[in-house]
Amino acid sequence: MADLAATRAATRLDPHRLRTDFPILSTANRFGKPLVYLDSAATSLKPLAVIEAVDGYNREYSSNIHRGIYELAERATGAYEAARAKTARLINAPEPAEIVFVRNATEAINLVAYSWGRRNIGRGDTIVLTEMEHHANLVPWQLLVQEKDGDLEFVPVSDDGLLQLDVYEVLLHLRPKLVAFTHASNMLGTINPVRHMVEMAHAAGALVLIDGAQAVPHMPVDVQELGADFYVFSGHKMLGPTGSGALWARRELLEAMPPFMAGGDMIREVHLRRSDWNEIPYKFEAGTPDIAAEIGMGAAADYLLDLGLDAVRDHERELTRYALEVLPREVPGIELYGPAAEHRGGVVSFNLPGIHPHDVAQILDRSGICIRAGHHCTMPLHERFDLAASARASFNVYTIPEEIDALAIGLREVVRVFDR
Amino acid sequence: MDDLYRDYILEHYRRPHNFGVLEAPTASYEGSNPLCGDRITMMLRLEDGVVRDVAFTGRGCAISQASASLLTDEIKGKTVEEVERMTPDDLLDLIGIEISPARLKCALLSLDTVAHALADDAAEQAEADGSASGAGSASGASSASGASSA
Amino acid sequence: MADLAATRAATRLDPHRLRTDFPILSTANRFGKPLVYLDSAATSLKPLAVIEAVDGYNREYSSNIHRGIYELAERATGAYEAARAKTARLINAPEPAEIVFVRNATEAINLVAYSWGRRNIGRGDTIVLTEMEHHANLVPWQLLVQEKDGDLEFVPVSDDGLLQLDVYEVLLHLRPKLVAFTHASNMLGTINPVRHMVEMAHAAGALVLIDGAQAVPHMPVDVQELGADFYVFSGHKMLGPTGSGALWARRELLEAMPPFMAGGDMIREVHLRRSDWNEIPYKFEAGTPDIAAEIGMGAAADYLLDLGLDAVRDHERELTRYALEVLPREVPGIELYGPAAEHRGGVVSFNLPGIHPHDVAQILDRSGICIRAGHHCTMPLHERFDLAASARASFNVYTIPEEIDALAIGLREVVRVFDR
Amino acid sequence: MDDLYRDYILEHYRRPHNFGVLEAPTASYEGSNPLCGDRITMMLRLEDGVVRDVAFTGRGCAISQASASLLTDEIKGKTVEEVERMTPDDLLDLIGIEISPARLKCALLSLDTVAHALADDAAEQAEADGSASGAGSASGASSASGASSA
């Protein structure tokens, strides 16, 4: 028992220590205030390992991949494909060839909508989404069903921020071709029961796309255990560089799908009037990829795996629990959205009565506190809660409870400014 | 400490001038800044090329509300030409605080919405004038409502 | 006269001096041989200014853009939009809003094919291309005309590597909707008479897309003077980072085009069943862009503008002239492709009789010399010249005549290996 | 100096063994490596499960040509099962030089093409056997030609 507890303690995150891996955390704002970065759901900070992976490519072996027979090109190709293998390991994909590198989660979803969607969605076909989707997992499907004359249906969200699975069940009776939902909400923080939802969808004969943009950085994700068909995420939210991201899909699906973009590298043979395609994943990676960024995402995957995703999840659950306890106590009148810490990731959206979230964010900025204000690319979800906008604090591995204290103090100052 | 949240700005935010619905406006427009959820409707009563009355409704941040409050004070009694000639800088001078790039759209929403209301009105006038006789009453309420392109 | 000559001399490139800006040029290969990088047409090396622009963002102000009301986000947004302005300046675009940031030239062409093409190309419509196109400016159009039942026609290439404008003239009688061609060939080096070709196309009522991937890094490009409708290029070939690139198009065209990818930032308002679009260029930049890379491309544009593109062109023309003189003299039997230095960029493709280019490249690698071997993503052009493959040396601002000497010596060694 | 371009490799490249056209092959396949423009056709005469004869034509780099030359020497007289069991490593051992990742496809093209030829032959046999009587001659030349999936 004692041993077990020790092991468990040993695998806990030490956020204070790992903060030294993030150079930006030792910067200060124009008033000399240290950075309190609570906008990780928008994009995460980057550890040295990632910064240096990018810089190393740019400085030491910047060259194109796949087609070069010289040392630099072989080194670049090796690093690029190693990043693919690391990314596969992060989500336990059966094989690296099932990882398609893309710019971000948005591109991954558009790729599926164009390539799989335009071939498989026809007149009258239904796609089931949820009311809590990020625009990235909504608007591409709107465009698709407009073109193909299909239908969208939406799983509603309950007042406490959970998907209404009873309605989901009913919607599945429409025999949708595809069900697409977010693993974790970027506004409510809700972590959805994705495994169960996949099973239900498969039982109804639908394929499933999971938007993992807010999950992969924060918890263990195993696409095989989830049983998903498509899984997408962004590198820049998981400690990696902007420009990196991945689509995972089962080999048979990727092989059956037509290309999305066309150009160099994705072809096998090109003639003036016809071409055929390279094997996966190259079929979907037209042109010179963002070699530097994907190598950086590989380094980020390693960094997260080294920390241990269970430890990351524990850390962020505790932070969230702390925030949900401190904020209502210290900031009278604050309105919080979303479920209990047990069912949510490190995201806390809120409003102060009578104060627009833009003003909240602006005043916090003076104290070096960075939060997001607006609709967080979830306008329909805000409509659902009859909100014009909200303020959002979001956490990552480097977030510490002291920053939540700072937020509480900052919010009291905001109230003071408006009440004076 | 807060350059932005001076007393008079908060005063205008808390008790905006000319806030409410104008009966029978001759021009009106609903502008929005979807990014923030700001949304404001500007209603004007124009007579003989002069802004006889103006009012606004809507919700938004302190900057956009104070801006609308200050702007409506400013343009009441001005000629349409004068109002049309107002630049973003004029409005920023009126607001009198330094606006960061990210908040510019909040600050300028009111002026943008007024400009749209006036443009729609002018277009309708032109049409009414052009379509000669008939029921071409140029004074019918132009409640053109739509999305601003800002 | 003397003054003029002095000014002219003053604006000449000093490639030896600027080589110190490129850290990779002081590295050596596994045999201790210094790097002789002659594969700039595949991707260019990156100067410190670019490396540090990327690193600075990652280290000091990595945050998301457009939606943040805090100092970091404002700094990132400012740098990202400044990069757009610099990129616009590089090609003399009328306004920065006409620059759409993309991953690379390939994505830019696919964007036009999907967005403009699917709306404007119909059954029986013709698109005129040339036989010297990179796959990136060929395969997207193949996919488009397959979907829409349109036609492709090709301007042939003469034996000395020039476009046959008399045939072009005839093809224009077919009243194509679009003409798309490369500004400079990445295999033959040919610089096409694009201004004249645009005029001819416009006179025939066609829109024109120019693939500037091999032109923007190497010569002054003025899209207004060219009169083009669409102009595309990649950042990584113009001293910038991988993941950066641009589509330029006239405002009216961009405004009339439907979105390509959908998601965050490209929308104005989203409801569950319909959305409307943001203004240009944001309408075409869905999701979190590659902020770091585009900022790096801005730094690359500044670097090139500081050197002066006329000086760059002069430098590379001299190098090419030198190579075309040295190689046939020093390497008996070498077969060279493409036109005279006057009509070509810094690209020299060749073959050694009886030796496959892969073997050539492999043996040169031992001496630290990096060239490309294969079809360089121009299979139809290789078919046109009845070549299975070719070897290619390509230059950039940092290339020096000594490296061409090294290549000649290396090629003699290749011949020696095979003749022994 | 050049580990890769040993004398015997160049010897096989210059004068490849079993280079030429086989009359009436029972199995054949055209494999290609479009990236390099390598293209090779493998022709085999199989009798009673044994490779009685083999030849190849095509063009390619020294590595791919020497590999084909060495491989054809190796498999002549072997049983089909033995050939099918050959792994990439077996072939690399045969070639005897260290191949960098970028050249692996060149080195393995010959084996890949042989594998395809045998697989096609097996498929045809199975079909011929399955479709019972008729003109089900299993010894008809299977000149299945197509693109290798390598």
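Chains here go by letter, A, B, C and D, matching the order in which they are written, and residues are numbered from 1 within each.
Basically, a residue touches a chain if its C-beta (ideal position, glycine included) is under 8 Å from a C-beta of that chain, and two chains touch if they have at least 3 such contacts.
In this text the structure is predicted, and so the values were computed from the model without any measurement.
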Comparison of A-D and C-D (more C-beta pairs in contact): C-D
Gap in Å, rounded to a whole number, between the CA centres of subunit B and subunit A: 39
Distance between chain centroids, defined by C-alpha means - subunit A, subunit D (Å): 47
Intercentroid distance (Cα basis), subunit D paired with subunit B, Å: 79
Of all residues in subunit A, the ones touching two or more other chains: 67-69, 73, 267, 269, 358, 362, 373-374, 379
Residues of subunit D engaged with two or more neighbouring chains: 34-35, 100, 103
Every chain pair in contact, whichever chains are involved: A-B, A-C, A-D, B-C, C-D
Interfacial residue positions of subunit C with respect to subunit A in the complex: 23-24, 27, 29-30, 35, 37, 39, 42-43, 45-46, 50-51, 54-55, 58-64, 67-73, 103-107, 109-110, 114, 131, 134-136, 138-140, 142-143, 152, 154, 234, 236, 241-243, 259-267, 269-275, 286-293, 358, 361-362, 364-365, 369-374, 377, 379-380, 383
Subunit C to subunit D touching residues, read off their complex: 355-359, 362-363, 366, 373-375, 379, 382, 387-389, 417-418, 420
In the complex, subunit B residues that touch subunit C: 32, 34-35, 100-103, 147, 149
Parts of subunit C lying in touch with subunit B, wherever the complex brings them together: 67-69, 73-74, 77-78, 267-269, 276, 279
Touching residues on subunit B, where the partner in the complex is subunit A: 1-2, 4-5, 7, 10, 34-39, 59-63, 100, 103, 106
